[in-house]
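This is the structure I have questions about; it appears just below.
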Amino acid sequence: MANKPFAITLKPGTSLANLTGSWRSARPVYLNRLPPCNNACPAGENIQGWLFHAESGDYEQAWRVLVRDNPLPAVMGRVCYHPCETSCNRGQLDEAVGINSVERFLGDEANKRGWKFDAPAAATGKKVLVVGAGPSGLSAAYHLARMGHQVEIQEAGPLAGGMMRFGIPKYRLPREVLDAEVQRILDLGVTLKLNTKVEHIEQSMKDGGFDAAFLAVGAHIGKRAMIPAGDAAHIVDAVSVLRSMEGEDKPMLGRKVVVYGGGNTAIDVARSVKRMGGEPIIVYRRTRDRAPAHDFEIEEALQEGVLIKWLSTIKQAEVGEITVEKMELDEKGFPQPTGEFEKLEADSVVLALGQDVDLSLLEGVSGLEIKDGTVQVAPNMMTGHDGIFAGGDMVPSERTVTVGVGHGKKAARNIDAWLRDITYAPEPKHEIATFDKLNPWYYSDADKTVRPMLDMIRRQTSFDEVQGGLDETNALFEARRCLSCGNCFECDNCYGVCPDNAVIKLGPGKGFEFNYDYCKGCGICEAECPCGSIKMVPEDI
Amino acid sequence: MLKQIEGSKAVAEAIALCRPEVICAYPISPQTHIVEALGEMVKSEELAPCEFINVESEFAAMSVAIGSSAAGARSYTATASQGLLFMVEAVYNAAGLGLPIVMTVANRAIGAPINIWNDHSDSLSQRDSGWMQLFAETNQEAVDLHIQAFKLAEELSMPIMVCMDGFILTHAFERVDIPTQEQVDGYLPPFDPRQSLDPKEPISIGAMVGPEAFMEVKYLAHAKQMQALELIPQLAAEFKQQFGRDSGGLVRTYRADDAETMIVAMGSVLGTVKDTVDELREQGHKIGVLGIISYRPFPLQEVRAALVNCKRFVVLEKSLAVGMGGIVATDVRMAVSGTGLKGFTAIAGLGGRNITKASLHKLFLEAEQEKLEPVTFLDLDWDVVNKQLEREKQNRHSGPIAENILYDKGMSTSAAKFG
Amino acid sequence: MSFQPVKFYQTGTYTVGNRLLGPDERSVQSGELRSNSINSGHRACQGCGEALGARYAIDAAMAESNNQLIAVNATGCLEVFSTPYPESSWQLPWIHSLFGNAAAVATGVAAALKVKGKTEVRVVAQGGDGGTTDIGFGCLSGMFERNDDVLYICYDNEAYMNTGVQRSSATPPTARTATTMPVGKEPGNVFGQGKNVPEIAMAHGIPYVATATVADLRDLEYKVRKAMKMHGARYIHIFVPCPLGWGSASHDTIKLARLAKETGTFPVFEAEHGEVTSVLKIRKKQPIEEYLKPQKRFAHLFGKHAHPEMVEHLQAIADRNIRKYGLLDEEKAHG
Amino acid sequence: MFQIRVHGRGGQGVVTATEMLSVAAFEEGRHAQAFPSFGSERTGAPVVAFCRLDDKEIRLREPIMEPDALIIQDPTLLHQIDVFSGLKPDGYVLLNSAHSFEQIGLGELVKQRGHSKMSTLPATELGLKHVGRPIPNVPLIAGFAALSGMFKLESVIKAINEKFSGKVAEGNIAAATEAYELVKQQMEDRAHA
C-alpha cells in the first residue's frame, strides 16, 4: 500500500481491527431447550433425536437412537396414544408431526431388515428377576440386559406381551409385529419362562439367586360393577373377552352386545365384537368429550358401526335385555340420574370399567405399601422392600403401554444403580422449548401425512390391521416436518442473519460459536432462530 | 503532418493519438466538435480499443471518467461553462481521488445571463479544485498540450484541464502540425495507473477521512502540484526533443528583454496582444508580453522572474472576480509581492466581447503612462452602465439588467452578433 | 436401502442453510467460505439491515462472478460505516466517489473493463434510497438508458439515515422523519408523493429489475445470481429496515422486512425487459398494523391521538399492491 | 495580410466557404485563418464568417472589421445590414446574383469603387445546376479566386476534394469551374470594354 494514496485508499478487510463487540449490552448464547415431544413421552424417548437421523434418511441410526429408550418401536408405533404429538409445537402451525407413524415405520423397517440391538455391556454378574412379560417387564429386561445384567423373565401366561397381546386387538397390533420385537429382546440373552406364575416373590428371588427383582404383573382383573341382574343374564368382563380373542375359542357373546364403559378397553371390545359379526352398543354414563377413550378411537369405532349411548347407566340386566337410565351432567360435570329409563336388547353385557391388580405374589413381603389396589413405589421405582422394584399397571399411574415401557426403563436404571450401590441421578431437564420460543416462519408449509386406513368392509369384518404404515418417502417427509424445537439443527440462520459476521460456523455436526469480538448484541440471531436455540443474556455490567 | 484544420478537429486527432480508452461527453458548446470527431473515430474503429459513452449530463461525464480511470483506463472528457459547473462536485472528487483524467475545457462564459461565447470564467472557477490547468495560445499549442497533459497527469496521478478558448480556437481553421502516431507513442508511454480497481489486488478507494488525516491529504495534493511546477518544463523540453516544437511549459515571454511595460495574459488573446505589441515596439515603446500557460499550478517564481525587471504590468484577463476585480491578477500580484511594481488589471472579453487590436493599443499606451485605473474594464459601454445605475438608484425594481442594456443599446439579440 | 433423493421439506427455502441440501442448492450465506464481502468491524448500528443486505447481495454477486467483482458505492451509511480511515470493511475492489454518481462511476468502470478485455470482471453499483431514488437518479436513469453492463443495487431504508433520518422520495406516507414530523393536520410524510424506482427502472426496458428484502435471503440470492448471469443494465431494489431511523428494535430488522412483504406494502417481484415475470407470493397475509406498530416512526398513527384513517389508507395502498402484482394466490384467481 | 468577410444566411455554407478559402490558401503554402462569427445561428439567420490570409503565422484573433474582400452569399442581406461596413476602398466585392449590380440598384456603388474588383455571380443557380442544391458557397469561392486572382482554380478544387467526395465533389468541381470561368470571362469582358 506504500505507493497508494494516503488515507483515501485503504487495505481490504482492515476493519477487523475495530472490535465492535464492545458495543454490546446483551450477548447471545446457544442453548438446548427440551422439545415438548420428548418432555411428553412417557417412555422418555429422545424423539427429536431419532427424527433427526430419519430426516436424512438414516433409518437404522434413527432406530438405534430410538431403541436406546424403547425396545418396542413397531408396537409403540401402533398402540401408543402419542402424547408427543399432542404436545408437538407443529400442531400450532399446521398439524403435529406424525411421530407415531415414523416410529412405526422405523420399527417395521427394523423387523423387515432384521436389525439387532447393540451387544450388551460387559456382564456384571448380577441377576435380576423380572416378573411379567408385559411392556414394562420387557422394557426393564431389555435395559437391564443391555447394561450387562443377567435377566430372567417369569411370565404367568402362555405367551409374552401381557396386555399387548391379551388386551389390544389384533386389528391394532398384529401379533407377528409383537413377536418380532419380543424375540429381539430375548436375543440379547434374556431368559423368558412362560407359564411361570410367581407365587411369592421373596421365595422366587431366593430360589433363583436373584440380586433384585422388578415386578410388572399388570392389572388383569376386570372390575365388576354392581348391576342388578337376573341369574341368566350374561355378564362378562372386558379383559377376559379380549384375552379369549387370542385363543382358539372365541367368546360367545351373542348378537347384541352391550359394552359398559367409556375407556379404550370398551372401544376395543366393541370394535372386536363388530368384527366377529356382533352388534355392539357402548353404554357410557357421561358425554363423548368426557370419555377416557381417545377420541380417534371413538371416531373409528363409530365409523365402523359401533353404536354408543352417551349419558346412560345400566340399571338392570336380564336375559336378552337391559334397562338403562338416562343421565344428565350437573354443573360440576358429574352425571346425575334423570329417572328416565329405556330398554335395550342385550344378549350379553361386557363390563369395561377398569382392571385391578393381582397382588398375591406380594403377600408377606415386608415394607410394602399397598394403596387403592396398587403398589406404592418411591421415585426410583423401588417398593418399600429393598431390592424389589415395581412398575407398569400395578403401580399408580396411567395404564398405557407407553407408560409401562417408561417404567421399565426407569426401573432398570435405578436397579442398575442400586446393584452398583450408587444413586441414579437423571440429568436435569432443560427448560421446555415452548412455541413462543420458536420462529416458525422458517418452516415450510407441510401438512401431516395421513396414514392409509383399511377399507371399511374389511375393518368391519376382519381383524386385519386398520391403520397402514408409512412408506419410505412419506416417512422421510414426516420426519422432516419436525421443527427441532429447542435444539440447533444447523439451519445456518444465525450464521446468515448476523449483520456483523459474528457467528462462526464450525462445520457439519459441530454447530456454531459466537465471535464476541464483533457481536454487537443486536439479537437478530435469537429472533430469527427457528427452533429457539439461542438466548440473549444481559452482559454483566 | 501539416493540416489546415479546425481547432476542435485537430484536438480530437491529438487525443486519438494519445490512445484514450474511455471517452465520455455531454454536448455543450463550444466543446462539441471535439467529442463529435472522437465519437466518429471510435465508431469507425479508427480509434480502438476505446469506449465512447454518451452520458446524460456533465456530472455523469466526469463520474464515468472517475470510474474508468479508477479501473485503470486512460480517460478523457471535454466540457465548458455551465457543463463544467454542473460537474463541479465530481471535478473536485476526481482530483481528491488522484485520478489522472484529461479534460478539455473549451472556455466559455458562465450565466446568467446565458452566454455561449468565450471567456475564462469557467475553468478559473475551478482553480482550487486540485486540477492542473494549462492554457493554449493557439490550436497548435492546444494539440501539443493535450499530448503533454496525459503524460503529466499520469506521472503525478492528478487530473488536468487543457483550456482552449471557445470558438476563437475551437472553431478556427488554422494550420496545425498533427504529429504521427509513432511520435506520440514515443513520447507518451501506456497508462500505468498508480492504483486500480482489480480483483487481483482489492483496495478500497474513497475512504472517509476525518480531521486526523484530512489536512495531510490536502497538503499532499498541494505538494503534487508543486512537483508539477518542476515536471511541466521538463515535459515541454522532452516534447521539443520528440516533436521539434516549443510548446507548453509554465510561462512564455515575448519581446520582454528590455520591456518597461509588460502585458500578462492567458490563451488566444496573446496573439492579438503580440501583434499590438509589435506595432508599439515599431513605434519605440518598450513593451513586452508574459503569457501564462500553467495557471494551476501557478508558477509564482517564473512570473516574478519575468516581471521583476519591468516597471509596470497589466494583467489582461478574460475573467472577473465579482466584488473584487481580477482573478489572474491576484495571483500575478502575489508573484511580484514586495517588488513595488505597479500593476494594473484589465478585464476584457467577457462573454465573447471582442478584444480588438485598437482597444489594446489604447489600453497599453495608457498603461505605459500609468493612467489606468487599478481595475479597468476594456471597452465597457459606460453610457449603458451609468443609465442602468441611475435607474436603479431611483427605483429598486428597475427590471432585468440585461434586457435594459439591450434596450439602451437599441439592439436586438440577432443584431448584436455582428461585428 | 435405496436412498430417497433429498428434498427440502423440513425448513423449506426459508432458512439460510440446511444440512439436508446438496451443495449446489445451498445458499451463499450458509457457506463457510462465503466471501464476507463486508467484513466484521464495520461501524453499522446494531441490527443494521443495510449491512446485512449488502453482504447478502455482494456475497452472492461474488459467488456468481467467481470473485471477479468490483463495487462502486454511493455516499451514505453503507459507505461511511464501511470505510472510515484507516480501516475498510470491504474485501473486494471498491470505490466511493460521490452521493449521486455511483451508477455513472460504475459505467466508467465497466467501460474500462470492456476496453481492457477483462470480460470476466463484473461491476456492481450500490447506494441507499437517497443516493438512488433522489440525488443519484439522473445517473441511474442514464446508466439504464444506455444499458450499461452494471448491476445497480439499491438498499432502501426509506429515508436519509446517514444525515439523521430525513425524508427521501422512498419514504412512505405517514412516516415520521426529521423533515416530516408527526405534527399538524397530516402528521408524518404526506400521501401522494414519492416514486417507485423499480417501476421506473422497468420503464427503461432494461433486461432485469427485481425487488427483494433481507427477510427472503434465498429469493435475494436467486435474484442477484440471476442478474449476474445477465449483461446490460440491471436493477435490484432491496428493502432493508433501519432500527435507528424507524425506531424499531434491533432484533426486529428481519421481522419487519418480512412483514413489509407479507402485508403487501413492499411487493417483491422480478421483471425482464419491463415485464413482470414473477412475484413472491404472500405466505401469511398480515394486516398493515402488524407492520406499522413495531415502528416508532408510525407511532402517531396509534394510541391516544390515533389516525385510523391513515392506517386505512396505508392498508389500501398495500391492498392495491396485492391486486396489482397478484401477491395472493386467490387474487390471481380473481384477476 | 489579406482579410475576407463572407456574409450569408444560416444554411448557406457561409462558414464552410471561409474554411475552404483557408484550405485553398493552405494548399498554396500560405497561412490562413478561418473562423465564424460565433453564435448559435439558426437556419435563415444572417451569418458572417471570416478568413485571413498571410505569408506568415497569423496571431490576430479579432474579427475582421476592415476587410479586403467581401463575399455576399445572399443579396437580400443588402437591405438588412450594412454588409459593406469597413470594406477597404480598394476592396473586392463578389455578390451572389444572376443580375448585375446595376440591375439590383447598386449602380452607384460600382460608380464609386470601379468595375475592376466587383462582380456578381449566379452562384445559387450554379449550385442547383451542378450539385442539385441551392448552396452558393463553392461557386462563390471559385468565383472569388477568379475575381481576386488570390488562388488558382486547382487550389479551390483541392479544397473541394478535401471537403467532399464522390458525386458531390464532382458536382462542386463542375460548379466551381463554371463559376471560375464565368467570373474570369466577366473580368476579361470588362477589361476589354
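Each chain gets a letter, A, B, C and D, in the order it is written, and its residues are counted from 1.
One rule holds for everything that comes next: contacts are C-beta pairs under 8 Å (C-beta built on N, C-alpha and C of every residue); 3 or more make two chains touch, one makes a residue touch a chain.
Remember, it's a predicted structure, so these values are computed and weren't measured experimentally.
Asks: Please tell me whether B-D or A-B has the greater number of C-beta pairs in contact.
Replies: B-D
Asks: If I average the C-alpha coordinates per chain and also across every protein chain shown, which chain's average lies closest to the global one?
Replies: Answer by centroid distance: C.
Asks: Measuring from the mean C-alpha position of chain B to the mean C-alpha position of chain D, what distance in angstrom results?
Replies: So the centroids are 34 Å from each other.
Asks: So what's the Cα centroid distance for chain A and chain B, whole Å?
Replies: 92
Asks: Please report how many Å separate the Cα centroid of chain A from that of chain D, as a whole number.
Replies: Their C-alpha centroids are separated by 113 Å.
Asks: Roughly how many whole angstrom separate the Cα centroids of chain A and chain C?
Replies: 49
Asks: If I count partner chains per residue in chain A, which residues reach a count of at least 2?
Replies: 7-8, 10-12
Asks: For chain C, what residues touch not just one other chain but two or more?
Replies: 82-83, 85-86, 88, 90-92, 94
Asks: Which category does the touching pattern between chains fall into here: line, ring, star, complete, or other?
Replies: Other.
Asks: Determine which chains touch and list them pairwise.
Replies: A-B, A-C, B-C, B-D
Asks: Enumerate the contact residues on chain C facing chain A in the complex.
Replies: 1-4, 6-20, 27, 29-30, 32, 36, 38-44, 46-49, 51-52, 55, 82-83, 85-92, 94, 217, 243, 249-255, 258, 283
Asks: Which stretch or stretches of chain C touch chain B in the complex?
Replies: Result: residues 67-70, 72-73, 79-80, 82-86, 88, 90-98, 100-101, 104-117, 121, 138-139, 141-142, 145-146, 148 of chain C touch chain B.
Asks: Which part of chain A faces chain C closely enough to touch in the complex?
Replies: Within the complex, chain A contacts chain C at residues 7-8, 10-20, 23, 55-57, 59, 113, 441-446, 472-473, 476-477, 480-482, 489-493, 495-502, 505, 507-508, 515, 517-518, 520-524, 526-528, 530, 536.
Asks: With touch defined as at the start, can you tell me which chain B residues reach chain A in the complex?
Replies: For this pair, the touching residues of chain B are 96-98, 157, 194-195, 202-207, 209, 213-214, 216-217, 220.
Asks: Spell out the residues on chain D that touch chain B in their complex, using ranges where they run on.
Replies: Counting only chain D, the residues touching chain B are 18-19, 22-23, 25-27, 31-40, 45-46, 48, 58-63, 65, 81, 85.
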